[in-house]
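The structure follows.
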Amino acid sequence: MTDLAVLLPFLLQGAVLTVQVTVLTVPVAALVALLVGLGRLAPSGLIRLLANVYLEVFRGTSVLVQLFVFFFVLPILLGVRWSSMQTAVLALGLNFGAYGSEVVRSAVLAVDRGQREAAVALNMSPLLTLRSVVLPQAFRLMLPPFGNYVIQLAKATSLTSLVQVQELSFNGYVAIHTTFQTTQILTAVAVIYFVIVFPASRAVRWMERRQLRGSLGGLRS
Amino acid sequence: MSEPIVRFLRVDKSYGKLQVLRGIDLDVAAGEKLVIVGASGSGKTTLLRCLMTLEKIDGGVIEVEGEVLGLPKTADRQAADERRLRRIRGKIGMVFQQFNLFPHMTVLRNVTEAPIHVLGLSKADAEARAVGLLTKVGLEDKVHSYPSQLSGGQQQRVAIARALAMQPKVMLFDEVTSALDPELVGEVLNVIRQLAHEGMTMLIVTHEMGFARSVADRVIFMDRGTVVEAGPPEQLFEAPEHPRTRAFLRAVLER
Amino acid sequence: MIFSWGYVIEIAPLMLHAATTTFVMTILSMAAAATIGLFVAAARASRHRAVASLGWGYVEVLRSVPLLIQIYFLFFVFPEFGLTLDAFVVGVVGLGIYYSTFVAEVYRAGLEAVPRGQREAATALNMGGLRALRSVILPQAIPPMVPPLGNYLIEMFKATPILATIGLHELLGQGEQLAADTFRYAEVFFLIAVVFLGLSYPSSLFIRWLEAHVSLGRQVARAIAEAEATVV
């Protein structure tokens, strides 16, 4: 019992890294999602093809496999040795960015066609239309699905323990194999994850409901 | 004075197998108020949308001030064609049935956004122009409101100011009062009437027959993609020649 | 380090053998998830508050804890209570339980999508609950469920590499072992990626095709239901 009290700070330290990895990955994933999502809507067939290939490759292979590829293969290919944390953030960012691209694409397409037509009538360039008219409106639509992905990302950080990132799962594993207080430690780990994830997912669901209400109630012609 | 400002020459347009415009020949003189009436599906909205480059035509030619408004049929458009198209497009302005105001921008920003980023006006100049136009349409006290805070009639008036801010040579009105509650229609029509007085070239698609009679220099009746009859409003409304025109007017007046 | 195609061909049989483990694991896990999901969905739909809350709690907890930790639980904690499961069983049970929460949601949504009028029509035709379910509700509820379930099947397939951490000899586990000996990570992971992509991409295309044709399937199902109803 007292072992747990001693181990708890160690586990919480891991939890801090869990949050850290999540927070660092979000901007990477968001950037990738935007680029690939818009790429899939580009007028150029070549860009669309590249974006779609990217999407299918990163969606079609397992995220764990991708983590391993980046961890083992990348140093060989590029001759650089990155830290586990950097590798993990990159791999997770590229993977979740792929899923995020679908969100970006749907949101942009969901913006009312009349908005684009008004922009044409005002002689706005396609880029200006995207920047000023479409993206700001699409952004609001992207938030709940993005929120869901952030939660999945937080859980996926557990996989980075397998590439030596010392987050919660890693520390939990180490603790189990050094003290053999398996049940207590794993329960503590599960509880900590729950405390991190559950409130966040409630918040996202609240966001989803709020947006659903807004779009139906605020519709004025 | 001699050359029409807008010219449709044997314009065809199809959506798949459905032909919506058949060989339209139409000249619009500078300063003319042309009202287009007809049943839904007659092609009147499509006519406007083709002029506004929202649709590509399948045959014939549209000219604006003598220049061909063409979207080249080939897939790859050159930069020069693109610039040319945008230069010509800048002469046309359009107001939509659904207003299409930008909901995430204030009224002021709706009206200044394009002048600043497309015409290159400074923020100060664009705002001055915007305020002037919004005052003209009677909404100077709503400049900082958002579209969702305005009534339909107010939103449509903002839409008109927004289009005017680009100083087009030709204004297109596509059933701009059809989506409004009846009591809000008048305020919008008044703005359009005022604009007409000031000499703007206009193409107006509308169901408001009384308004059409009062503002039009010429009325054309379209049916199934062709111009069935054209003439001054007194003639078309009082003594229509074509049986289809008569049938349409009877149906409309019986409502 | 040059990429050796010869090596790829050399290890291919071994890897494909491991891939069959992956494949079988996926199918069995889906069966488990589909079954457990039924109970979960039933529990959540139950009118007994206690049962419904239990179902709700089950789902919320399992969705808030990473799959890896759940696998660890089955593999490391259960033995402490006398239940030692081998890696394969842990995989099937672990994936089955984790994904049962998602499957339950698909069941719920699918049933809810059937217009209420259908239930009322069945009652008006004096159909008993079971017959109504069999002839009217399920034929309409099931076709739309197939694409999402298919997607989860693919997701489970992609989740199997997690089991390499508990020593299962599936694709990643086998690959790691090979690579650890020979250091030919590039070739190994290339093969892994090819297997995954080769199976999941066509599958997801198929599912997208299904989605497009589901509405047709619903009409067919409805027609069947109507025809059967008159025979009552």
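As written, the chains take the letters A, B and C, and residue 1 is the first residue of each chain.
Definition applied: contacts are C-beta pairs under 8 Å (C-beta built on N, C-alpha and C of every residue); 3 or more make two chains touch, one makes a residue touch a chain.
Keep in mind it's a predicted model, so treat the numbers as computed, not measured.
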| item | value |
| --- | --- |
| Pairwise touch network: line, ring, star, complete, or other | line |
| Chain nearest the global centroid, as defined over all protein CA atoms shown | A |
| A-B or A-C - the one linked by more C-beta pairs in contact | A-C |
| Inter-centroid spacing, chain C versus chain B (mean Cα positions, whole Å) | 55 |
| Distance between the centres, which are taken as Cα means, of chain C and chain A, whole angstrom | 22 |
| Centroid distance [mean C-alpha coordinates] between chain B and chain A, Å | 45 |
| Residue numbers of chain A (touch at least two other chains) | none |
| For the chain C and chain A complex, residues of the former touching the latter | 1, 60-61, 63-69, 72-73, 76-77, 80, 158-162, 164-165, 172, 176, 179, 185-186, 189, 192-193, 196-197, 200-201, 204 |
| Residue ranges of chain B in contact with chain A within the complex | 52-54, 86, 89-90, 92-94, 96, 98-104, 113-114, 117-118, 147-148, 152, 159, 162-163, 166, 179 |
| Chain A - residues contacting chain C, complex | 56-57, 59-65, 68-69, 72-73, 76-77, 155-159, 161-162, 169, 172-173, 176, 182-183, 186, 189-190, 193-194, 197-198, 201 |
| Chain B-facing residues of chain A, complex | 112, 114-115, 117-118, 120-125, 128, 132-133, 136-137, 218, 220-221 |
